[in-house]
Amino acid sequence: MKESTIFVYERPELRDPIFIEGLPGIGLVGKLAAEHLIQELNARKFADLYSPHFMHQVVIKKNSVVELMKNEFYYWRSPDDSHRDLIIITGDMQVPPTDSPGHFEVVGKMLDFVQEFGTREIITMGGYQVPEIEGEPKVLASVTHEEMVEELKGLPVVFREDEGGAIVGAAGLLLGLGKLRGMRGVCLLGESLGYIVDAKAAKAVLSVVARMLNLELDMSALDERAKETEEILRKVQEMQRAMLEQQMPPTQEEEDRGYL
Amino acid sequence: MKESTIFVYERPELRDPIFIEGLPGIGLVGKLAAEHLIQELNARKFADLYSPHFMHQVVIKKNSVVELMKNEFYYWRSPDDSHRDLIIITGDMQVPPTDSPGHFEVVGKMLDFVQEFGTREIITMGGYQVPEIEGEPKVLASVTHEEMVEELKGLPVVFREDEGGAIVGAAGLLLGLGKLRGMRGVCLLGESLGYIVDAKAAKAVLSVVARMLNLELDMSALDERAKETEEILRKVQEMQRAMLEQQMPPTQEEEDRGYL
Amino acid sequence: MKESTIFVYERPELRDPIFIEGLPGIGLVGKLAAEHLIQELNARKFADLYSPHFMHQVVIKKNSVVELMKNEFYYWRSPDDSHRDLIIITGDMQVPPTDSPGHFEVVGKMLDFVQEFGTREIITMGGYQVPEIEGEPKVLASVTHEEMVEELKGLPVVFREDEGGAIVGAAGLLLGLGKLRGMRGVCLLGESLGYIVDAKAAKAVLSVVARMLNLELDMSALDERAKETEEILRKVQEMQRAMLEQQMPPTQEEEDRGYL
Amino acid sequence: MKESTIFVYERPELRDPIFIEGLPGIGLVGKLAAEHLIQELNARKFADLYSPHFMHQVVIKKNSVVELMKNEFYYWRSPDDSHRDLIIITGDMQVPPTDSPGHFEVVGKMLDFVQEFGTREIITMGGYQVPEIEGEPKVLASVTHEEMVEELKGLPVVFREDEGGAIVGAAGLLLGLGKLRGMRGVCLLGESLGYIVDAKAAKAVLSVVARMLNLELDMSALDERAKETEEILRKVQEMQRAMLEQQMPPTQEEEDRGYL
């Protein structure tokens, strides 16, 4: 596998679908929100993206079955005219931050793929780390085109007027690269302390998305999902860390300790 | 050398061979097990894999002869119908963990190669780091397809029911990428403290493999092999570390010490 | 986006233009100087360079509008015969120092582009870190061809006679790679403590450039610009750091702290 | 520049030349030895190798003239039948240790090039770090083919019988990759404490080379050369370090200190 590859299981007919991204990041806010959205809508998986830029490992799923790290595409077809069709992406990981060209490659493949289905609009979701949170977590909104600020004004989001700030990873790149292709997009980042799997921030972000999409979502299962996710993640990282350390050439200090 | 390259010395006729991997990792469990298996079966070397993704160094073998880092393919042809033909890979190293695309490239080449000989099944071996071990080290099994759990139930292995965990490197990727090609596989990880070359864990893993393959293996030389391996490794790492440090641009701290 | 790509908005007719570079580096000296030059000359933007070697992020500009990291090309056409036409490049970032091949690719694209407009001469600007500065910051000059030292002798710059020193990044590579293409160039580095956005050093460098180009530049707005730049940068880095950390595999220490 | 490129200034007729490598490494032993050999033989420069895998910087040479990092090829044609023709390579740097594929690419280009001139034998030179040295530094020899140990037995070198050890970088890779092409080679590493530019170790290595090549070399200028080299290097690293740090995204700690 030399480039990221998308395995497509179904080619649904979609009408002007919105592309919604929620991949792992601060507080796992985006991933939690996307997974919850998928489950509540009973959205259907139709493609997997594998990439040589993802970690060189498999994760162990239920009943000891291994799978390559991947990102998964789901679609939801609106039953009526009061909603929009959706493509939702979530997954195990993003490209590590040390591999910028890999990020651009993966995000480019995502955009190529959703454009095949006529996508012209993007919503990306994530967390925004703050040292402390007063009351409910706020949602910071950023857009590809200035006129969208006006369009989104009724929503419970914060826009910054001053220049400054950065959105790292797919949540940012999808908008940045999408804009160069003539797409429009908004990024929604929920305030999070960042050290836990943050169901509260995910709820805040998803509430905004629900209002944008005119959807009613039951948020009650989100807390439970956050706990499970945290548990799984911890196990993955425990094995991963040990195996990665073993593969590194030893430092002087390790050698002094007799570490092989 | 732009891509990993396999030098093939012989093209044996093999019948539906199983591919067995044992490359360096935690406690060198997989490598020890593979080397022991090769020696006990008197398996025959038939190919070397070289890669620009391996460390940019040669290792010094007996009598001061240098060789590029490499992975080695051996085959064993069953003398009768009660065993399966085998292809076994072991070697000096895996791709460093900072080079995920390199890992995918190397593992892809391995799979291309063993598929030329009709391989459809894979066994990968390694260590699984735990803080302490009670009694004999257990062997954790993971599979590419859920039905295999049933098939392997008689073996002295542990299956996890809960999701969580990761298998880093070739032991994981071979299964993950193999699965995408329609291959089946199992990964066997022996519990290890990880800080030594772990003959005990290797024995545990290899015992499971022997039962799967209906082989009788004498394990008595494993401890001796572990000690030799540890000694060689230490010498390699000693020279390697010094040379690597010298090639790094100096940090402020080193410069303050007058380090060139 | 597999390679750096230049989006060209206008193809001005230019006569033997000088290419002036000021990208982020020590004390942001080069970037400040270039931006100020652009503003004072009212130079016109005509192209953007995007690169998969830049950070995988967008920056948030005024009114919450996101943009990919980029480098920007401006041109200025001299109104008379006593000045030279100019192409000026500045931008959000340089390729990270861990990606040397990326640096060569980006700088190669820059040179390809400015050569389309007939460029044969280059001026690069930057900072030169010193532990303390006596009086006004000095400007260190380095050249592609020895005879240029004589030509530039009237300027308030310092030439070193002894071998030693290195110019890292675009300010160096543009000269080094340009020289291989038969171009001539000079690098001007202003003394800077490096820990602030250094308007003083930028002024020193820009004064030299102004004399070389026979331009009169009002420097009074430079201090204000430095303060604004510092503020924007701090916000960008704050968000960026948090998001990057979240995407890294956890170290042992972080895991002990329960950091996800 | 997408790949390493060799600029060739002359195509000398050489008869079965030996290729001798001395690039920066431990104690700069190899580089010192190669430079001294070039000067004593009055060898002639005929090609430069530039690479996008070298550091993205220029070095400042005498009189403030900048040059890309490079490796340089010299040749020496024997005046009579009692010596061999030589190709010698030295230079500013090797590929950083984080870029293994880059190392393979550069060394591959070197071998392609010297094979154009009929080279079939290689001598590589370097340092071998030890914690302390008793008496004169010893020279450790390693070879591509076991029979060479016998051939070289008269020389004042040490051969190790036991397996273990590694030769990192061009000194190792040239032999390893050369061997795959059917070339023969020896690596000579002089004992060095490694923290200084080590004229003593260079002398030890070069003495062995002189005996192998039947050359008489005056070693008296080596100490002076070592001092100059140390001074130049220190200046290069001082500027380089500051510029590299400035280009890195800030860590939390740096941000707390208000570092930009």
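Letters are used for the chains, namely A, B, C and D, taken in the order the chains are written, and counting of residues starts over at 1 for each.
FYI, a contact is a pair of C-beta atoms (placed from the backbone, for glycine too) under 8 Å apart; a residue touches a chain by one contact, two chains touch by 3 or more.
Here the structure is a predicted model, which means the values were calculated and not measured.
Visitor: Distance-wise, how many Å sit between the C-alpha centres of chain A and chain B, to the nearest whole number?
Guide: Roughly 34 Å separates the two chain centres.
Visitor: Go ahead and note the Å separation of the Cα centroids belonging to chain A and chain D.
Guide: Spacing between the chain centres: roughly 48 Å.
Visitor: For chain D, write out the residues touching at least two other chains, lowest number first.
Guide: 55, 96, 98, 233-234, 237-238, 240, 244
Visitor: Name the shape of the chain contact graph, picking from line, ring, star, complete and other.
Guide: Shape of the chain contacts: a ring, since each chain touches exactly two and the loop closes.
Visitor: Just spell out which pairs of chains touch, all of them.
Guide: Applying the touch criterion to every chain pair yields A-B, A-C, B-D, C-D.
Visitor: Can you list the residues on chain C that touch chain A in the complex?
Guide: 1-2, 7, 50, 52-68, 96, 98-99, 102, 231-240, 242-244, 246-252, 255, 258-260
Visitor: For the complex, which residues does chain A have touching chain C?
Guide: Touch list, chain A to chain C: 24-28, 55, 94-98, 100-101, 103-105, 107-108, 126-129, 141-146, 149, 159-169, 172-173, 175-177, 179-180, 187, 194-197, 230, 233-234, 237-238, 240-241, 244-245.
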